[in-house]
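Both complexes shown next keep chain A, but they swap its partner, so chain B is in the first and chain C is in the second.
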Partner chain A sequence: MTAAAEGSQPLSLGRRQRTSLLQSEAAQGFALISPTFIYALVLLVVPILVVVAHSFWTQNYLTIDRTFTLENYRIAVTEPIYLDLLRRSLWISLLVSFFTVVLAYPIAFYISFHGGRHKGLWLFLITIPFWTSYLLRVMSWKVILGYNGVLNSGLMGLGIISEPSTALLYNTSAVVITLTHAWAAFAILPIFVSLEKIDRSLIEAATDLGDGPLRRFLRITLPLSVPGIVSAILIVMIPTVGDFVTPKLVGGKDGVMIANAIQAQFGKGANWPLGAALSVTTMLVVTAMAASTVLIIRSAARMAR
Partner chain B sequence: MTAIRNILSRWLPAYALLYVVFLYLPVVFLPIFSVNTSPSPKFPLAELTLQWYRDLPNTPALIDATRNSLMVGIAAALLSTILGICAARAITRYRFPGRRAINGLIMAPLVLPEIILAVSMLLVMLQLGLELSLVTVVFGHVLVCIPYSLSVLTSGFEGFDRSLEEASADLGETAFGTFRRVTLPMVAPAIISSLLVCFTISLDEFIIAFFLTGTEPTLPIYIWGQLRFASKLPGVLALGTLLLVGSFLLLTVAELLRRRAARRTQNAGGAFA
Partner chain C sequence: MPERSQNDRTMIEISHVTRSYGAFKALDDASLVIREGEFFSLLGPSGCGKTTLLRMIAGFDNPTSGTIAVDGQPMAGIPANRRPTNMVFQSYAIFPHLNVEQNVAYGLRRLRLGAAEEKRRVEEALAQVSLTGLGKRGAHELSGGQRQRVALARALVMRPKVLLLDEPLSALDKKLREQMQVELRRLQQAVGITFILVTHDQYEALAMSDRIAVMFGGRIAQVASPKEIYQRPVNRQVADFLGGMNFVKAEIVEENGSSLVVDTLGFGRVKTEKPKAFVRNGGGATLGIRPERLRVLWDDASSKFEVAGRVIERHYFGEITHLIVEIPGLEKPLSVTETNDFGADDIPVGAPIRLAYDPDALVALAD
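Entry: the complex of A and B
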């Protein structure tokens, strides 16, 4: 820790002390964060580079041929099956992030502006369901939406339908419902945080200047909460694309997503390079989609102001 | 205008209530159907029974999976909290170039699809010739736990007043004494809270464990295997109920501790702030 201080040039005393102090502070900070940083490098950055490398190679039964090729990408973006899966996954994750954010916003707004003393309790109440086993939550939706499920028997009990509907489970909307539920807290929290940061005197000023509640909301609260909406979208949209549990349990044939294909390549299919190319393509495309969504929202917010 | 005010004052609380119902809806069915004699989950319930709970301790595979999960969870919680402490302390206490970038990298697993993290770690581990086991699962879990640990710890460390440590040193306390009697009591709640949160995440994590485990299953992998058999469902629901209660207790303790930590260091920021 003192190495940096000892190595500094002999300058005039005051300056030397200051630079050595700065250097040693930076060095100490680095030294302290380096174990975590190195961990992230070794288990995150290196593996992703390895995946990218694999995506340019070819699988030869049990060995991997390391000559550069774009064949995997050609398959990933031209094979109708992968294209369809990718398109459907993007569509599902777009829907899921739209619904989670739209449904979460009023809750975050309510807690932030009307939560009073119980803000902490509300947040706790909202996060609790998300700590229960993910598999079991998906399973519960299967129980709710199934042929003999809770919703069907409830609707029949009320006389709304005469026989159980098969339209509830094993399709895209079942996947969307389950994921919208699964990611709710991840949308509420960032939006809540950004609403909390809004200076309340701005809203008072708008009221004093004669803005009604709706105008006030559209011109001040909503634009200022855009950072929260943006991080909510990022935090929901990107991971959603990579889910293979939900599609497998409640998606049926129509709900299969790209992650199921990726999983197959690393399991039974055993074509790592193709799986790697599918992963990289998915990541790039979903990042592009998330980035453009964020851009659209930001420019809309700028126009609103 | 009055119409909007009406919406705000009347409909917003109603919506909030409805939303909470939506959030808890799938959760409440676990305990309900876990005490039902009929293996198929539908209303009306056949008869109440605790049989599914009594069967749990007599399932050796379940006991093994539980033991595996506990070991993985404890190891992952310890390791990610230690790494989280280093990072949180560095970020809240020191300014250095690249701080934001490094922080971003450490938090990145939070916004990456888990399947991508899982398969990329799998490739590296297989290339390195590592045998897949519970150890590799721990490595994977630590990566996804660190962002949560870092958030909890940063919020606990942020308002930390350095002058208290300096005062203690000035008053003649040794470095270790200062750490034990000043620093530790102030940060301990945040550390325990981080341990509990990481343990809970690891206990519930499926995708990474699914790819990185060898022959020994963790609890979620055991549950995944059971989900294929309709007749095993009530047992899974009973297990799920127990897990639910367990996680709830752990997280309540974690939350209370985090609040206490935040109060002690005069910091009102939430875990995700």
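Entry: the complex of A and C
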């Protein structure tokens, strides 16, 4: 269309092109997002560049030596303590995202399929715990899991254990439990959205073709909600790896994660370049893990036909 | 098209089925018998309860009262996935994550026929709906007509006793719709499965069905063959819904078992067949005549039965012309549909005109 219109008036071609560029949808869209875009650039890309740059430098007591080196990366990937922390962080975030999705799915399913007219209310109720500060929620898990905590008293009251268990708090599982709870709402929402998008007549069609409730869930609902599951996993997995508050508060000695080590390098350790190299390594490994998880889920869904 | 010989075996028996939503009855005491191998249509305006009835046969909904039996077996308590019926959904409900082949094989998978037999049946079903070769296409790579065919193949491949179709053609454009009407009818004749078609398009129902049930407001008004429904509608509502109809006020002069003698202003004294459901309501009745059953009398041609009047409007429709003719004594002008081969499109507005009719084309209607 535009090409034809321009061709018919070759003399004013230059001007026309400029206006059409300014009026093109892409340009308008760009103008529309530019405040956000600049904001994101300053607050996301710049810090990342700063971190990446630091990771190639060397800390020299109080100054930073800006000659290029890979020494920080060598330490990050060979030093057993960092490898161990990284491995543990990945394992914890994998567990957390798995349990979060497993717990969130039935809730999202229930709201989407049986929420009736009150879906909005249900979602609203789910977000209520998240109005309180994250620290308060972590603290309340301390109260639940602690030596004199709710769980221990309860189990003792029931006569299941005779003295308080110390196995509940200050370990990996305490971190997993706390993080799973913390991320639940963020996993419920994307799964809920993808379930809502499933055309109910597809489920009726599956029923009509002979599938009972379990089969049609496995063959229709589950595969079609994979996008929601994938976003939930990504939303949970990526920030979890970098969490340092939770392991600090409920993780004890066993629950330390890579972010605690990174924080230490930027703080007490005063070795920013090493901290930066650890951050970059973690980012890359998390990206790889997230990508392979997504691929595995996608192909599993494809197999389930 | 050769008519497949139908037997009189009952395939579906719907008796006194009511479906209420609170005080509102979406379906009100519907009773119906559908025979084996029949192409049966449920016809009616939007909201009359067609889908409600179809969904109850499929098992997606249950009657508030009344019973439904398929092939002699009562359906109460049998879930949709165990009924011998399959459905073509109005939205087609093609599984978006599966390709054409996988869609068609969906219901077969559970039957564990073995790969070879499953493939054979899928191929056969795709051939039946002229989709051979498109098996590997993704669900999103299909046109509306192709999606409709996939939905059809997916249901047919299950070899159901009854195939239920909820407005399967309404999303297609006119030309494709007409082509699919013919194809669907041909397919039904070939496979011999009982088809129940829901439609609000009277021409579709007339063109495809062995029998039609016309529904209004949750009630079944008439069940008959297309010809009978069209020519002998039981009441004004049915007559009006199935194409145009001229209504003429009449006085009942004589009524006996099977016939009715009435006096009209325009058509004089007429003896007509009395409709089965005729309920006399005082001395009045209504006579109906279809616009195409009135013929223009040219020049000095004459007919034993004719009315005279004046053309007040003319509408041109290509192969036909629609004339609105005022007849002295009639409170409403008559509409006349005339083919254009004799020049009906040239009749000037205002011209005097004479119309011939066959008294058999006049039907008495209960109000």
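Methods note: the second predicted complex is superposed on the first by the 277 of 305 C-alpha atoms of A that agree within 3 Å, B and C clash if a C-alpha of one lies under 4 Å from a C-alpha of the other, contacts with A are read in each partner's own complex, and residues count from 1 in each chain.
Keep this in mind: contacts are C-beta pairs under 8 Å (C-beta built on N, C-alpha and C of every residue); 3 or more make two chains touch, one makes a residue touch a chain.
Bear in mind that the values here come from a model prediction, so they are computed numbers and not experimental data.
Under the clash rule set out above, the superposition-derived model of chain A with chain B and chain C shows the two partners fitting side by side.
Taking Cα centres throughout, chain A sits at the apex of an angle toward chain B and chain C that amounts to 90 degrees, reported as a multiple of 10. If you count the residues of chain A touched by chain B and by chain C, you find the higher number for B. Legend: residue contacts after superposition of the two complexes on their common chain; A:Met283 is shown touching chain B, with no touch to chain C.
Of the two partner chains placed by superposition, A:Thr78 touches none, neither chain B nor chain C. In the superposition on chain A, A:Gly212 contacts both chain B and chain C.
Residue contacts after overlaying the shared chain place A:Ser162 against neither chain B nor chain C.
Legend: residue contacts after superposition of the two complexes on their common chain; A:Asn60 is shown touching neither chain B nor chain C.
By the touch criterion stated above, A:Ser140 is placed in contact with chain B alone, chain C being left untouched.
By the document's definition of touching, of the two partners only chain C reaches A:Leu202; chain B does not.
The least CA distance from chain B to chain C in the superposed model is 10 Å. Comparing the two interfaces of chain A, the one with chain B and the one with chain C have residues 212 in common. By the touch rule above, chain A contacts chain B in their complex via residues 25-30, 32-37, 39-41, 43-48, 50-51, 54, 103, 106-107, 109-111, 114, 120, 123-129, 131-137, 139-141, 143-144, 148-150, 153-154, 157, 181, 184, 189-190, 193, 196, 212-214, 234-235, 238-245, 249, 259, 262-263, 266, 272, 275-276, 279, 282-283, 286.
Across the complex, chain A is touched by residues 1, 4-5, 8, 12-13, 15-16, 19-20, 22-27, 29-30, 33, 40-43, 83-84, 86-87, 89-91, 93-97, 99, 102, 105-106, 108-117, 119-124, 127, 139-140, 142-143, 146, 150, 200, 204, 206-207, 211, 220, 223-224, 227, 233, 236-237, 240, 243-244, 247-248, 251, 255, 259, 270, 272-273 of chain B. Across the complex, chain C is touched by residues 199, 201-202, 204-212, 215, 219-220, 223-224, 301, 305 of chain A. Listed in rising order, the residues of chain C touching chain A in the complex are 58, 60, 79-82, 85-87, 89, 91, 93, 95-98, 102, 106-107, 110-111, 154-155, 158.
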